[in-house]
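Dropping the structures in below, format is C-alpha cells.
Both complexes shown next keep chain A, but they swap its partner, so chain B is in the first and chain C is in the second.
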Partner chain A sequence: MLLFIVKRVTIGVFLIFLVAFLVFCGVYAVGNPVDILISPLATQEEVQQTIKAMGLDLPLHRQFFRFLGNTLQGNLGNSFIHSEPAVDIILRRLPATLEIAFFAMLLAILMGIPLGLFAGLNPNSTRSRGIMAGSILCFSLPNFWIGLLVIMVFAVNLGILPTGGRGETVDLFGIPFSFLTLNGLKHMLMPAFTLSLFQIALIIRLTRSGTRETLNMDYILYARARGLSRQRVVFVHLLKNILIPVVTVVGLGLADLIAFATVTEKVFSWPGVGRLFLDSVVNMDRPVIIAYVMMIVMIFIGVNMLVDIVYSILDPRIRLGGRKH
Partner chain B sequence: MTGNTMENLLEVRNLSTFFDTRKGVLKAVNDVSFDLKKGEILGLVGESGSGKSVTALSIMGLIDPPGYIAEGSAKFAGCELIGMPEEEKRLLRGKRIAMIFQDPMMSLNPVLRIDTHMVESITAHRKTDRKEAVKKAVEVFRKVGIPSPEKRLKDYPHQFSGGMRQRVAIAISLLHNPELIIADEPTTALDVTIQEQILYEIERLSRENNVSLIWVTHDIAVIAGLAHKLCVMYAGKIVERGTTDEVLDNPAHPYTKGLIHSLPEMNTRGKPLQQIPGMSYSPIDLPPGCAFKERCPLADISCEQNPGVTKISENHHVCCFHPLM
Partner chain C sequence: MSQKKRINRLALGDTPWKRLAGEFFESRLAVLGLILCIIILISGSFAPWIAPQNPYDLATLNILDSKLPPFSKGTDGMVHLLGTDEQGRDLLSAILYGLRTSLFVGAVSGGISLVIGVSLGMLAAFYSGRVESFIMRLVDLHLSLPAILVAIILVAILGQGIDKLIFAIVVVFWAGFARTVHGVALAEKNKEYVEAAVNMTLGKLNIAFKHILPNCLPPVIVVATMRVATAISLEATLSFLGVGLPVTKPSLGLLISNGFDYMLSGRYWISFYPGVALLITVIGINLVGDHLRDVLNPRLKR
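Our next item is the complex of A and B:
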C-alpha cells in the first residue's frame, strides 16, 4: 500500500512539472500583458522599466526556471491587476467554489444512485423509461441555458429563490461558508442543482448499466440460492460491486465541477475561482491564470490518487502489496 | 418407480419451464418427471442446452422473467414448490435445499470476504450473533478439509484456488444440514485431480449426512461411479431414466448409447472418437415428434409422433419407439 502511494505521488509530481511547462509556454505565447497594463501614454523608458520589473525581458527558458523556482517556494507571482500574490487571491475565492462543487456532487449522488438503481432493477417499467429519458435531457442541455431557465422560473416568475450571489455566510475556521445559513443555502440551491444535472445523469446511467450487468452475475444467483433476503442481495451484493465505477466517476466529476464551474459561476454571479479565472483571461493576468491552472492540475492529481485509494478499499482484487494467492 | 411414494423426498411431475424470446417460446424444460428418495444420488445428464440447469433452477424457484414455469409440479417433502410464495421459497433455499454452482470463481462475490459469505448464509436462516456464526463456519470448513480455517475465513474469494473455492461452496451448502443438495456441474471448472477430490468429498458428505443429491453434469463418466440413478436429458425432455447400472450397461435410447460411446476409452487409443452426428435442435419451436430423430440412425416415419414412455424393466424407462434391447 505504501509503495503504491509513493508511486502515485512520484507520477503526480512529474505530471505537475509537465503541466507547469506546458501552461507556461501556452500563456507566454498568447498576447503581451504590457500592452494592457501600461498606459499607452507612458514613455519608452517607463515601458522598459515595467518589463524589467516583471521579468518579461528574460528569454523564455530563464523566465520558466525563475517561475519554477518561485513556484517551489509557494510563490506564483503577483497578480498584474490586483498587485497581490496570485495564490492568495485564488485561495480566497476557492472555498466558494469548493462549497458549490461538493454540494452539487452530494445532490448528484443522493439522486443519481437511487434513481439508477430503480431503473436498473425495473428496466421495463414506465417510470424507469422516464428516468432514462430525463437523463438524456440532462446530458444534452447546456449548463448556462438551464441556469438561465431556473433563474427565470424560480427567481423571476415564482420569486422563491434569489437570482445570484452567495447570500449570508458564516465563518468556519476563518473561512466564510454559505451552507450554514438558510439564506446561504437558498442561494446555493440553484447553482448547485444546475451544476449537478450532468453528474446526476452520468451517475444514473452508470448505476443503471452496472445494476443490469451485475444482476446477471452468478454470484447474485448464488446469493439468492443461499436464501438471502432481497434487501441483502441488492444493497450488499449488488451495490458494493456497482460502487466501484461510480466512485471513479464521482471523484473525477468532483474535479470537473471545481475546474469547470466557470460558466455556472458566471450565470449565478457566484464569487468562486471560475469567475476569477474568466476575468483573469480577459485581463491577461498571467500569474493568476497560471496559478489557477496549476491548482486545478493539483486537484485533479490529488482526486485521482484519492480515487485509487478508495477503489482499492472497495475492490480487494486490485489492492496492491497484499498477500498473493 | 419402485417402492412407496411416501418416502420420496422430491417428486417432480410434468415440469415445463419456458422462456419467452423474440423468436418464439423456448421450451427449455418440457414435461420432465422424476423422483428422488432420501439419501439418493440422481445424475441429471445431457449436453449443453438440454435443460438440466434450468430444471435445477426451476426446483430452486430461481427462474426469472422472461422465463416462467408453464406447468407441472415439484413436491419437496410433501410441500408444493411451484407457485409457493417468494418468502417461503427463500426460507427453503439454502436451508433445506442447497445449491452448488458450476464455477466457484463466479459464484462467490469478489468484493466480499469469505467470512461475510458464511455469516450471511447462516444469519439468513438462523438468528445468531457473528461470533457464533464464525464458529459454525470454522466447523464446516474443517468438515470439508480447508486447512487453517480461522485464517482462511478472512480472505477474499480471489485468494483461494479453484478447488478450495468449490470446497467453500460445499461448506456453505452444508451450513444448515439440508435435505437436498443440487450440484450444477460442480467439478466442470476444476482440473481432473481436484475434480476427483471434490467428487469424493461430496459423495462422502452426502453419505454421512444422509443428504439427497441431484448432480447435474454433461459428463457421464463423472457421474458413473457416484449416482444411484440417472436421467438423460435431450432438448428439454428426459429421454431415458433408470438405475445407473442399467442405463450404462444397457442404454435403451440411441442418444444415451451415443453419449456413452463418445467417451474416450483406454483401448481405443489412436482411433478417432465416436460422435453423435448432427447438432442439437434449437429448443425454440421444436417440430413435433422425437427431438432426436434428425440425428438418430434408427429414425423412421413413426418418430414423427411424440414417443411415449416405454418400460424396459422395473427401474428403467425410455422415451423411444425403437428402444435398444
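Our next item is the complex of A and C:
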C-alpha cells in the first residue's frame, strides 16, 4: 500500500517538473516582454538595466534553474505588469474562482442527480428524452455562447440579474466572498449555472446509466419482493450504489471547473484567476502565466493522485493491477 | 426496422454500405442532422458565390451602415437580412464567410489529428512493450490536462493565425483518437483473421494497416465526426477569448466576440446570429455522429 502511494507521488512530482519545463520553454519563446514594458523613448542603457533586473540576459538553461530554485521556495517571480510576486496575485484572485467552481459543482449535483435518476427510472417518457437531448446539447454547444444567451435573456431582456462582476462581498477570514450577500449571490447565479452545465450533463448521463443497470440487479428485485416502498428502494438501495462513480466525477470535475472557469470568467467579467491568466497571456506577463499553469497542473495531478489512492484503498485490485496471479 | 424487412434486405444481397444507409435513414433526427450538415457545408464552401457582399473587401463597406438591425436597408439600397455589425458588414455575408473559416479549421484539424492519432494508436497496439507504454503514457498525460488550457497556452506561445490554431487543436485532439484506436486494435488483434494473416507471414505493418485498420474504422469514424464539431467549438471559444484567429478574417467565434460588447446595449443580432450558425453546425454534426454510432455498433442491433 505504502509502496503504491510512494510510486504515485513520485510519478506526480516528476510530471509537475516535466510540465514546468515544457511551460517554461514554451513561454520563453513568447515575444520579448521588454518591448511592452519600457516606453519607446527609453535609452539603451535603461533597456539594458531592465533586462538585467528581470534576469532576461541569462541563457535559457540558467534562467530555468533559477526559476526552478525559486519555485521550490514558493517564489515564482514578480509579475512584469503588477510588479509584485506572481504567487501573491494568483492567491488573491483564487478565492473568487474557487467560490464559483464550488457553487457550480453544488448546482451540478443538485440538478444532475435528480434529473438523471428521473431519466433512468422512466427511460421512455417524453420528459426523459427531453432531459437526455438537453444533456447532449450541454455537451456539444460552446459554453461561452450559452453564457451570452443567458446574459441576453436574464440581464438585458428581463433585467432581473446583473450582467457581470462580483457584486457585494463580505470578508470571511480576511478573504472577500460573494455568496454571503444577496447581491453577491445574484451575481454568482448566472456564471455558476453556465459553468456547471457540462458537469450537469455528465452527472445526468452517469446517474441515468447507473440507475438503468442497477435496476436489473438481484438485490433491487429482492428489496422489492420484501415489500419495501418504492421510495425506500430508490433512495436507499439504488442511490447508494450509483453514487460511487458520481463521486469520482465530482472530484475530477472540480479541477475541470477551475480550469474551465477561464472562459466563464471572461464572459461574465468575474474577477478570478482565469481572467488574470487571459490578461497575462495578452500582456505576455510570463511569471503570472507560469504560476497559473503550475497551479492548475498541481491541482490536476494532485486530484488525480488522490482519486487513484482512494480507489486503491477501496479496491485492492487496482493496487495489484499489474501483478499476474 | 421490422424483422421481416431486415431479412428481406439481407436476402437481396445488399452490400453492407447499402444496409447501413438504410438503417441510417430510418431515424428522422439523423436525416435532419444530415440535411443541416449539407446546408452548412454548401453555404460554407460556396460563400463567395452566395453571400450578398464580400465582407473582407473594405471598399464595399460603409461605416454609415454600421449596427443596422435585421431587415433594414443600407445606404446603397441593399437589404441586410440579418443586420450589420459595427463595421457596416452585412452580417449574413460575414456569417457565411465565417462559417467557411470555421468549417475549414474544424475539418483540417480533425483530419490531421485523426491521421496522427490513428497511426500512433496502431503502432502502440502492434509494438507492445516500450513503444506502447511510451505512447500510451503520453496519451494519459495529455488527456489528464484540460484541453482548453493547453490550447490557450499553445496559441499564446505560437501567436495568432489559422495554421497555428490548427496546430494547437491537433495537439489537443490526437490523444483521443490514439486511445480509441489502441483499444479497438487490441481487441481486433486476437481475432482469427489476424492469426491467418500472421500465418501467411505477412508483414506486421501490412497486417496492421491493411487488415486490422479497416475493421477499426467504424468507431474511429464516429469519434472523428464528433471531433470536428468539438474542434469548431474550440476554435470559436479561442477566438472569443481573443487568442484565436486574427481580426481581419473573422470566424464565427470572432463575430460572436465582436458583437458581445453591443449585446448589452440591446443590439443582440451582431452576436446572436453567428451563434445560431455555430449552433446549427454543431447540432447537425452531433446528430449525424450520434446516430452513426448506433448504426455502426453491432451490439445495439435490434
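By definition in this document, the second predicted complex is superposed on the first by the 278 of 325 C-alpha atoms of A that agree within 3 Å, B and C clash if a C-alpha of one lies under 4 Å from a C-alpha of the other, contacts with A are read in each partner's own complex, and residues count from 1 in each chain.
Assume contacts are C-beta pairs under 8 Å (C-beta built on N, C-alpha and C of every residue); 3 or more make two chains touch, one makes a residue touch a chain.
Just so it is clear, the structure is predicted and the values come from calculations on it, not from any experiment.
Visitor: Touching A:Val297 in the superposition: chain B (first), chain C (second), both, neither?
Guide: second
Visitor: If you stack the two complexes on chain A, which partner ends up touching A:Val263: first (chain B), second (chain C), both, or neither?
Guide: Only chain C; A:Val263 stays clear of chain B.
Visitor: Mind working out whether A:Leu91 is in touch with chain B, chain C, both or neither, as first, second, both or neither?
Guide: In the superposed model, A:Leu91 contacts neither chain B nor chain C.
Visitor: In the overlay, answer first, second, both or neither for which of chain B and chain C A:Tyr219 touches.
Guide: first
Visitor: Given the touch rule stated above, what does A:Val310 touch, chain B (first), chain C (second), both, or neither?
Guide: Touch status of A:Val310: no partner.
Visitor: Touch test for A:Ile151: chain B only (first), chain C only (second), both, or neither?
Guide: The answer is second: A:Ile151 touches chain C but not chain B.
Visitor: Between chain B and chain C, which one contacts more residues of chain A in the superposed model?
Guide: Counting contacted residues of chain A, the larger count belongs to C.
Visitor: Is A:Leu189 in contact with chain B, with chain C, with both, or with neither (first, second, both, neither)?
Guide: Once the two structures are laid over each other on A, A:Leu189 reaches no partner at all.
Visitor: Which of the residues in chain C come into contact with chain A in the complex?
Guide: These residues of chain C touch chain A: 141, 144-146, 148-149, 152-154, 156-157, 229-230, 233, 236-237, 240-243, 253, 256, 260, 263-264, 266, 268, 271-272, 275, 278-279, 282-283, 286, 290.
Visitor: State the interface residues of chain A toward chain C in the complex, per the touch definition above.
Guide: Those in contact with chain C are residues 15, 19, 23, 26-27, 29-30, 136-137, 140-145, 148-149, 151-152, 155-156, 163, 255-256, 259-260, 262-263, 266, 277-278, 281-282, 289, 293, 296-297, 300-301, 304.
Visitor: Which residues of chain B touch chain A in the complex?
Guide: Residues 57, 60, 62, 90-95, 98-99, 101, 103, 106-113, 120-121, 124-125, 155-156, 158-161, 172 of chain B touch chain A in their complex.
Visitor: Once bound in the complex, which stretches of chain A touch chain B?
Guide: These residues of chain A touch chain B: 217-219, 221-229, 232, 236-237, 240-241, 244, 314-317, 323, 325.
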